[in-house]
Amino acid sequence: MAGVTQVQTTLNGEVINFLCEPRQSLLECLRDVLGMTGTKEGCNDGNCGACTVIMDGRIVDSCLVLGVEAEGKDITTIEGMATPEGLHPLQQSFLENAALQCGICTPGFLLASKGLLDQEPDADEGRIRHWLAGNLCRCTGYDKIVRAVLQVSKAK
Amino acid sequence: MEPFDYLSPSSIEEAVKTLASKGDQARIMAGGTDMLVQMRAGRRTAPLVVDIKEIPDLNVVSYDATNGLTLGAAVPCYKIYQDETLSAAYPGLMDAASLIGGIQIQGRATIGGNICNAAPSGDSIPVVIALGGVCNIAGPNGTRQLPVEEMCTAPGRNALADGEILVSVSIPAPQAKSGASYLRFIPRNEMDIAVVGVGSSVQLDASGQNFVSARISLASVAPTPVFAKEAGDSLAGKPVNEETIQAASELAQAAAKPISDMRGTIRQRTHLVGVLTRRTLNIAIERARGG
Amino acid sequence: MTSNQVLSEVEYNVVGTRPVRPDGVDKVTGRARYGDDTNLTGTLQAKVLRSPHPHARVKSIDTSKAEAFPGVRAVITAKDLPFASLSKEELGGDYTALKFATDHMMASDKVLFKGHPIAAIAAVNGHVAQSAMDLIEVEYEVLESVVDVREAMKPGAALLHEDLRTNDMGETADTPSNISTHMSYATGDLEKGFAEADLVMEKEYTTATVHQGYIEPHNTTAFWNSDGQLNLWTSTQGSFQVRATVSNILRLPVSQIKVTPMEIGGGFGGKITAYLDAICAVLSKKTGSPVKAIMTRTEVFEASGPAPASWMRVKIGVKNNGKITAVETEMAMDAGAYPGSPVMQAIVCAFACYDVENGKVDGYDVVVNKPKSAAYRAPGAPQAAFAVESLIDEICGELKIDPIDFRLLNAAKEGTRRIEGLVAKRIGLVECLEAARDHDHYKSKLENGTGRGVACGYWPNRGFQSSVVMTVNYDGVVSLIMGSVDIGGTRASIAQQTAETLGIAYEDVKPTVVDTDSIGYTFITGGSRTAFATGIAAISAAEDVKEQMISRAAKIWDTSEDDIEFVAGMISHKSDEELRLSFKDLARQTATTGGSITGRSSVDPSGEGNGHAVHIADVSVDQETGKTDVTRFTAIQDAGKAVHPSYVEGQMQGGAVQGIGWALNEEYFFDDTGKMLNSSFLDYRMPTSLDLPMIDTVIVEVANPGHPYGVRGVGEAAICPPMAAVANAVTSATGNRMRSLPITPGKILEAGWDSVKS
Amino acid sequence: MATIFIPTMLQKLTSGIKKLELDASNVRQVVDRLDEMYPGIKDRLVEDDEIRESLAVAIDGDVAIMGMLTKVGENSEVHFVPAIGGGF
C-alpha cells in the first residue's frame, strides 16, 4: 500500500506543506486536504475546465495533476485572485457583465482568462474564444463571459 | 483510483533501472492527461507511476537548421508552439501541438506521451510521421531509434520493451521548399477526438511546381496511426496539380481501414481522408512555396 | 448595430435595471458554498454500485466482502429501504408509485437501465469506497432490452414492467405494454380542414436523447442526528421537492427532514429528482456519521435524468395564401425506465404558436431501458417545436412565402383557442415576430454557402407556490428570506421587485435562500416560475410591510391609517405636508413603536403569462465535410417585463446555445442493448466558446396582466426555437432537409450523397 | 351556467358532445353533475377524490390550485387539460 507523501508548494504566494497519497489529484488536495473549495470539480477527466488553476504560469486542469506533482511548483487558485485591496479586474468585469449564472464554472473561467491576459494582454474575441474552449459553461452561452474578458483585454 | 507509488527520477539511468526492475508493475507518466483519466476509469492500473518530467534529457528542445529538432518526451505542447523558431520551422507540427485538447491540456500533454499512448486518433502522430520523425529510446541495453510509424503497435500499445523509455523524438531539419500540415475533422472546433486526422508533408523542387517527395499519414482510420506510404510516394516527381493531389488522396483513402463507430461511419471516414488529404497537401504546398 | 436590445413599454425605478447580483462576489472569489463544499467533521464518502446491464433480473447480491474491506463503514442495498418491509396490502393504491420511486433510487428485483443503483458503500474516503465496490458480488440474469421508443411500442416488445398497462385518460388497457399513457386532444373538424387545404404536408421527425449538461455533478451530504432529525445539504432546484421525495421513500414525516439547498451549479430541470439523498441518509443512519456523495460525470450521464428521445409525425394543411386549415401530430417520447416523459407537454405546446381551427394531437409516454428521463428546460416543447417549425419551413418553401410572414399570418394572439381548449391571454408572439422581421439580422444579406433559418417557440410558464418573509432592520435595510433556490440570478430579481414595491434602493434589500425549516413551502426553481411567482410573493410581502409601516406612522402621528399613504418609499400624511417619513426614518422608529416589522406571504398564483421566442440562425456548412458552424444568431423573446435585463439576456443566450448543441452535436450514443457509449464531456459534445458567435438578443416587453410589473418567465421558451432555426438554416445552406436530430456532419454528408443519387 | 369542455378522449362517453353547459359552483359539482349525465366519466377524471395526476382542471384558462374545491363562476369555462405540473 502506497504511503503518504509530504509536498511543499507555493500556493497563492505562500509556501505551504501538505500530506497526500500519490493517487490524490491536485484538485482533491486543494479541496479535501487543504479545504480550499473554490476550485470546482465538473468532470474529473480534463474536459470541462472547472478545476482550472495556474501552475508555474500555465493554466492546467487540476484534476489531471497529481498532488505530489505540485512539489516545488507555484500555484494560483481562485482564492488567490482577489487582493485585500479588491477584486481582480476580471472578477469585477464578470460581475458587471453578468458573466455568470450558476457560478460553478466561474472560478475556472476566471483563472483561464487570467492565464490568457497575463501573457496576451490584448487578446481579441477570436483568441479569447479559442483559449476558453477548454472551459465549459452551460448557462450563459459564453456571450457575456467573452464580453467580460474583452472588457479587461487591451484589444479594442 | 487504486493506490500507487510515485517516483520522479532525475535521470534516464534511474528511470530505466526502475522500469526494468518493476516490469509491468510500473507505468511511465509524462503529462498524465491520458494516463490519469485511464487509471481513474480503471482502464489502466499501475502499482508504480514513474513521472519522467523531472529528467533533464526529456525536457530538451534543441533545434538547428542542420540537425533538425530533438524534442524531449516530457516537453508539453505549449512549449513547442510558443517557441518562435520552432513555429517558423515546423508549422505542421504546430497545427497538431496547438489542437490537442484545450489550452489546459496543452499545458501538460506531450508529443512523446501522445505517441506512447498509441491511440489511433493521437493528433500529433500523423504529422510527426509525415515529417519523418524518429523515436529515441533508452533501455537497459542502451539506446535505439525507431521510426515513429513503427511505435504504435495496437490501440494503447507501443513498441517499447520492458525497461525502455522514450527519451525524445527527432525530426529532420526542414529543407528549402518543404512544408507540412495537419488537419483533423471533428464536429466541434475543439476538445474532440479526431473522426479523421491527416498529416502531410511535401518537398517541392526549386520552381515550387513539382513534388520532390511527400509523406502522408492518417489518424482514426485503423487500429494504429497509418503511414500511407504509397499515397505520398505517388507524388514524387509529379507536378503539383489537382489531378496528382486527387490521385494521392485516393491512395490515402485506400490505405485507410476505418470502422464505423459513434464518431463516424466507414463511408464518412473514407470520404474525409480524401478531403483532408487534399486540404493538408494544399496547405503544405502553400507553406513550401512561401518558405 | 445593437447586439442587445430591450423594447421597453414601461419604466420602473429598480425593475428593469442591471445591478450586480448579491451572490456575485462570493461566486467570483470561490467563496460560494456549493453542495460538494459541505464538509462536516467525520464525513464519510459514499459510492454507488450501478448495474452494468440495461435490463436484468437481480438474482443475488453478496456484500460481505465489501463490508469487510478496511475503511468501509456500511454497505446498503434495496433491502435497507423501508419499501422492502412494506406489503402490497399495507400500501394499497400507493404500492406501484412507491415501488417505482424506491426502485429508481435503488433497484430491488430488476435493473432497468445501465447505471441503475444496486448498492451503496460509505467509507473513510472515496478511493476506499471505490475499491470496495469491486468486492460486491451481484448475480444478474440478463434480459432482452429495448432502447428505441417505437420498437418499445410494438406488441411483443420486451417489457420493462410486467404490470404496466396503458392508461387512456383513466381507462386502463387489458394487456401489459411499454406505453404507459396515451393522451389525445382535438378541436374542430380535422377531415374538413385537410380537405380545404391547397397543400398538405406530412413528415416524420426524430430527436436523440440529450442531457441538460449542468457542470456541477449531483451531490448530497446527509447527517442523521441522534434525535432522529435528518439533515440534508444538497444541490437541488427544489429543497421542498427533495424533502418530499426522501419523506416518501424513507417513510418519514416531512418535519423530521431539514433540507438546506446549497448553491447549485446548474440544473435546467435535471436537479429536481433527488438521486442520492435517500441513499446518503440511510448510510448516515447506519454509520452514525455524516455521509457525502458526489456523482462522477459518467454517473451523471448514465444515471441522472436526460431528456427523452422522440419520434414525431406532423401533418399540416394550408391554403395557397399560407393560412393553416388543419394540423395533426402524433408524438412518442421515451420516459426511460419509469413512466413520465414530457410528451403531454409536447402535444400541448406543439401548435400553441398558431391559430388553428382544426387540429388533433396524440401523445404516447413509453418506457425503455434508459435512465428515467427528467425535465430539461421546457420539457417536451423543444422536440415538438423542432418538428412543427421544420415542417412549417418546408411549407413556406413550397409556397414561396417568407417564413416570418407565414407565421404572422397564422400567429396565436390574445383570444386564440388552442387545441386542448384553453384560450390565450395577452401574449407577445406577434410582437416577437415583428421584431424579428424588422431586425437588421433578418434584413442582412446571406453570403454564399450560408443559410438562414427562423423558428418560434412556446412555453406556457408556471405559477405554483412560493413563500417569502422579509424583515425591516432598524437601519432600513430589508432582509428578504425565500425558499426559491437561485440558479440564474433570482436573488437579484426578487430583491429588485421587493425594492421596487417598497420604493427603496436595490442595495437596501438583502436576499437569502434558506432551508426547509425556515420558510413556508416553495415549489422548485423551474417552469420559468421563480421571477414570476416568488416575485409575486415578494411583492405581496412588501405590501404587508407597507401596511405595517403605515400603521406605525399612524401611531407616531396619532392619526388614522386611512390618512396615510405610502408612495415611492415615503410615508406621508395625506393632508398634512409636515408629516413625512422616509422608509429609513420610519424603520429607525420601529423599535419604539412595537418592535421589528416582518412582512410575509405565501402565494400560489395563476396568471403566469405564456412565453414566446423567435430565433434567427445563420449557418455556414462545409459541403465537403458536413460541418456546420453557426455564424450569426439572434434570439428574440417576450419577457413581459425584464426585471434584470442582463439575466433575461443570459437566459435567452443560454437557452439558444443549449438548443444549438441539441441541434448539431449532442446525443447519447447507445449500443444495441442500451449501454451508453459516450458518457463524458469529451464525446457528449456540448458547444464550447469556440463553436459560437455572440448571441444577439431582443427583449420584447408585452406586459403580463397576471403580474404587477408585467413579468413573464423567461427561462424556457428560449430553448424551443433553436433546433428548428438551425435545421431550417442548414436546409437553406445545403438544399437538404434534416428531420433527425442531431444534424451531425455525418448526416449532412449522407443527405448530400442521397440527393445526388436521387 | 358554466361551459364544460369534454376532453376529446372522453367524448365517446358523451356521445360525441364536445361541450355543454351546467350549473355548478365548484369543480366537484362539475364532475358529479357530469357523472350523473354520463355515468363513468367521473372515474376517468378523478382518482381518490382528486383530479387525476396526469390532468389539471383549468377555470377560465387558469389552472386551478384548489383541485375539486376550486370555485367555478357563473359563466366560467372549465377544461380538463394535461398537467404541465411539477418537473422542470
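As written, the chains take the letters A, B, C and D, and residue 1 is the first residue of each chain.
Note that a contact is a pair of C-beta atoms (placed from the backbone, for glycine too) under 8 Å apart; a residue touches a chain by one contact, two chains touch by 3 or more.
A quick note: this is a predicted structure, and the numbers were derived from the prediction, not measured.
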Using the touch definition from the top, list the chains contacting both chain B and chain C. A
If you tally C-beta contacts across A-B and across A-C, the winner is A-C
Would you identify the chain whose Cα-based centre sits farthest away from the centre of chain A? D
State, to the nearest whole Å, the distance from the C-alpha centre of chain A to the C-alpha centre of chain C. 29
Chain-centre distance (mean CA atoms) for chain A and chain D, in whole Å, is 56
Quick one: report the Å distance separating chain B from chain D, using the average Cα coordinate of each chain. 69
What are the residue numbers in chain A that touch two or more other chains? 21, 23, 44-45, 47, 130, 133-135
Touching at least 2 other chains, the residues of chain C are 127, 681-682, 687-688, 690
Multi-chain touching residues of chain D, meaning two or more other chains, are none
Under the stated touch criterion, can you name all the chain pairs that qualify? A-B, A-C, B-C, C-D
Residue positions on chain C within touch of chain D in the complex are 93, 167-171, 181, 183-186, 241, 269, 272, 340, 342, 344-345, 347-348, 360, 363, 374-379, 420-423, 425, 460, 462-464, 523-524, 526-527, 604, 606-607, 716
Given the complex with chain C, which residues does chain D contribute to the contact? 5, 7-10, 43-45, 47-48, 52, 54-55, 58, 61-63, 65, 77, 79, 81-84, 86-88
Can you name the residues of chain B that touch chain C in the complex? 1-3, 41, 102, 185, 187-193, 195, 262-265, 267-268, 271-272, 275
Which residues of chain B touch chain A in their complex? 1-6, 8, 31-33, 36-37, 40-41, 49, 51, 53, 76, 78, 101-105, 107-108, 189-191
Chain B-facing residues of chain C, complex: 127, 130-131, 298, 624-627, 629, 664-665, 669, 677-678, 681-683, 685, 687-688, 690-691, 744-746, 749-750, 753
